[in-house]
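Given below, in the form of structure tokens, are the structures.
One chain, subunit A, links the two complexes that follow: it is found with subunit B in the first and with subunit C in the second.
Right after this comes the complex of A and B.
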């Protein structure tokens, strides 16, 4: 026998405790569902496939102060030296390192300037024909650069005529999916997309277009340059250890810095996300624990306050199970109210987060899942106190005055 | 209707054993109105609790309408309380968060009676105790006498054949006490068997049968006057 109506009436008449609990459940639901969703979103982000064999790749920066050598030639020699090191698969000089959080981006036009036309933003890498192999990515369409596509120059007017783009970029520029072979423009300078890579992330994973990447066959030797190196599996640590010495042995009027593994580079770039993730997890655990304790405590308090009432109910014919059910129903009602409020608050909060922090839209299954979890938790938190209430002897009705 | 043979009740606390009832014998017949008196601590409430199946007894036999109470499960006792017994307490024991209507409804809900039937009975019982117009009031808005009348309405709602009252007038002034007594007499005339514990010799005298409990046993006194004197002395002494 469910006695919902009298329970609601009784709750309405002494509502402070119930309302506090209801609010607590609502807040927990609102925060936990959003936090859980953000956690899931960040987890997916942190664990995403970048397209690179990160555990085999590392990079370093070269700062040259010597003026006695031609930089282009020096870098060419460096590349040859590095590619022949034991344990090294391939190496490439580049302007930017993917996943590192620093690099360059620009809008690529569909029409030459100043003709009006759409442009598509992409992070761009400038390197030679070894870049794809160094990054461990493969072409899915078209061809790699030929060695004579690669322009090594200090002349700002000499620009590359071809490029390799990611599928995401090509499809954004050419929604028909026929980007291969098409011309695009940097300013008024044309280039042709000769190859397409399915998956390859740019310098910024948190960019709004992390998958828009273009590689130009272009080396403009600068005094500050990056080198990416891919090693045989398991060889990276050993290669990294001696790389500075090898580089300085080849030419010593320079400084080698930032020798860093690609996965470590990514980890540092994502450090704030990882921290946020952990804090959100702690927040969830604390909130859920507090709510559970709140329910537990409130029910225990209710029971001690209502000892005589429980005894009287027993005297009037309530079975133990009726007493347990009373508290379960009472709590479920409070919980239902809290969940109703909490789910509404969760959705509103999700909308605010969406607008203010441009987080993705809260998925309803996170609200539903959280509500279910909170409900189960409330039931668990009430079951022990309720069983204790059922043990109250009916003789309390005559004994306690 | 009620037969107790050699019923004993021992309370075991850390320090002491209290023999609240010892070899208690009593027979109550259908339709009787019995006033139970006796010194404080003599076991009156214990007797009432055992009679009402609110607590178990230690030994002996208790038959209620040919049912051996000692052999019942907790659920069976709860159901039997609900069907056969109406309780009236010294402290009224109304549920403070429920209005009068809902208070009277409590035992009917445990019985699983349908809403329409409940309504009929509740209204009739509140009418009988003269509080029909107050059905929506909360207990704390009533005087003690009115509260006790609601409690009586609640006890009557399930149409029990057996009414147990533990000092029902103990918290009431004499005028209200007399009203409650009159109500009980009316209920008895309507057919219910009543056992009432009281400290009030005047009320006890009004009951057709008196029992005195002394030291956990029915005092073997046949003379009504003697019972009354004993009671008075015991009250003074206890």
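Right after this comes the complex of A and C.
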């Protein structure tokens, strides 16, 4: 019914065209399935929820060079000034800005050093009791810092006694899920976990543990310091514009830099992923278009070579639909071969990428999805030339013999 | 004859405009995409200091006690401790040597309308400029005496000299770094490479520093690094003095060794140094180990070329292969249709070789046009790269090598694709076609 045998015989006689088509389909399948998988992987990464209302938050850095004022006091005044600005919800001085790609991390011990024991690494933020509100995150368990928990000091021997941690961190340290109220250690200094936040990303989204974050109620005023500010929705741009002047008006022997919105900061940190994403998308689109064009061209070529054969068949009583079906089946056969080769290549390529680069293992549904898409594309690319072939008049066969 | 073939090729291309257009488009897209990723890759993997990259070495010391891990593939720490760097800088071996770290200051001037601004700085030894062949435009590096006295002197880059002093000879001028007055002793020419190969810790393609200050100031001014510090054991660090005496890794170090003998001697020196330190209680490990990599090995070791980029280059060459398969198909169709004409030519005395060459010339022309169009597409692609990733801006350009290789790759690709169709068509037996005409 489907005339598979004669089709295969015909293909055998003109191998080159078929082989070319097969190769194109195979490579396309291999590239597209891997690229689509990488794209999906990066998309999930880029669109993850960070736990912050990114569109309302911005940060800035302060580098103070004047020595004529007490830094701690200056920053205290700055915080008050900032919190009272119109449009500002809250502001906090901090050592590091979440999502910015720069910050500090350390292992928090379950036992005081030098006693041997497990330690859990976390990115840490040092700020006062306004930090949670500034970042727009809420506690799911425990309490916020009281103002007298906050240590403002220049003495490196004074360390905080309490901390707020993310659920992920607390659960890694205490797998029973009862981290609240437990003691942990920075070196030999103890601190107690008094509050737990469900979702809050650290400074590095690409860290292998981006969710391990801890906040200490601690302000050691440094000459280089960051400030995070959350504004009322829609007010951010206006506040950002005047912030440098406001800060310099309060004290001018310092430089205000890096005034940057949180989402923009994140975008810059992730720019290389966005780049990869875009390049791969362009590659896939162009590749699919080129392959479709190739199939289209090759079918046209096959038909022009077989004009007389088609005319003869038509003259011998084949209907137009038979001719169309002939080409459709022929292409499906080639496509099936190409897909078989392509899927194998895709899987091998996925393994290579997994081995050589830090990419996750290719998921099979991407290969299957791509194969289906390529098949549909192949059939679509064939329909038009096949219909044209069906228009060949039987009289062609009788001419010029 | 060649000109005649070009003429024939041109006529042939014009006779089938759609097919020619499709072929040119396919090769242009293939080249465009390949050159976009290849250009970035090329700029990333370029030798940053060709004239002496095999003579500059970054030593590494395995200072960690047994049982401790760092993140490198061979478990050697990437950077050095202050005490080791300090010691190696004083060592009698090695032609030029410099320890270094990245730091920064607020730069401000008295009576100037330049608003105070933050400026990155590199604290290093005076040999830095000899190591990396940086010529001075004005003045010179600081003297040994100034280094010994920890004088507040500074070498500035040409760019900073332009900004602060309008490009004039600023030797002897003063400005403040934080609250210390520094005197300019030299203005140095810029690096010719975008790659900060001597310190890849915070991104190998960040800008070079514009200020260079004597290494001895680190101890005197309690300067901390603005780069990475990595520790491997708990140490009670309460001050910069503690940090300088600690086992934390936070300095880079480069040494110039002119021949294999010097490299060997330096290795022996490092082993001797470690053995000596072991006696004083450091390096609690069985096997003493050091690393000594030259510039290119170092960049390879530190994975300066991003993985994403390597994946993209591989994918885009596969894409080029698909484009080639396409062109091959189209050429087959085109050339076979011309078989009767070729039959006549063969009958009139053209040799197989001539027919073959004629068709190869034709596909080369396709390649040339496609390659040129591909360069234009690649420029578009690179523009997109610069737009998405600012950090890549200095990298996302095509240099002369890339501009020249684009048409070469395009023509080579087209010739490869055209080989089979041209061979098929040159085998045409004249008789078959003469009969039917």
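Please note the rule applied: the second predicted complex is superposed on the first by the 399 of 401 C-alpha atoms of A that agree within 3 Å, B and C clash if a C-alpha of one lies under 4 Å from a C-alpha of the other, contacts with A are read in each partner's own complex, and residues count from 1 in each chain.
The definition used in the following text is that contacts are C-beta pairs under 8 Å (C-beta built on N, C-alpha and C of every residue); 3 or more make two chains touch, one makes a residue touch a chain.
None of the values given here were measured: they were computed from a predicted structure.
By the touch criterion defined above, A:226 reaches neither subunit B nor subunit C.
In the superposition on chain A, A:6 contacts subunit B only, with no contact to subunit C.
Touch criterion not met for A:201: it reaches neither subunit B nor subunit C.
Of the two partner chains placed by superposition, A:130 touches none, neither subunit B nor subunit C. When the shared chain is aligned, no partner comes close enough to touch A:325: not subunit B, not subunit C. Once the two complexes are laid over each other on the shared chain, residue contacts for A:167 go to neither subunit B nor subunit C.
For subunit A, the partner touching the most residues, choosing from subunit B and subunit C, is C.
Contacts of A:394 after superposition: subunit B is touched, whereas subunit C is not reached. Taken together, the subunit B residues at the contact with subunit A in this complex read 45, 48-49, 52-55, 74-75, 78-79, 81-83, 87, 89-91, 93, 95-99, 102, 105-107, 109-112, 138, 154, 158, 166. Residues 1, 3, 6, 9-11, 13-14, 308-309, 312-322, 393-395, 397-399, 401 of subunit A are the ones touching subunit B in the complex.
The touching residues of subunit C, when paired with subunit A in their complex, are 19, 22, 26, 29-30, 33, 36-37, 105-106, 108, 116-118, 176, 178-179, 234, 236, 238-239, 306-308, 310-312, 315-316, 318-319, 321-323, 325-326, 328-330, 332-333, 336-337, 381, 384-385, 388-392, 420, 436.
Chain contact summary for the complex, subunit A toward subunit C: residues 16-17, 20-21, 23-24, 27-28, 30-31, 34-35, 38, 63-67, 113-114, 156-157, 187, 223, 253-255, 257, 268, 271-276, 278-280, 282-283, 286-287, 290-291, 293-294, 297-298, 300-301, 304-305, 353, 356-359, 400.
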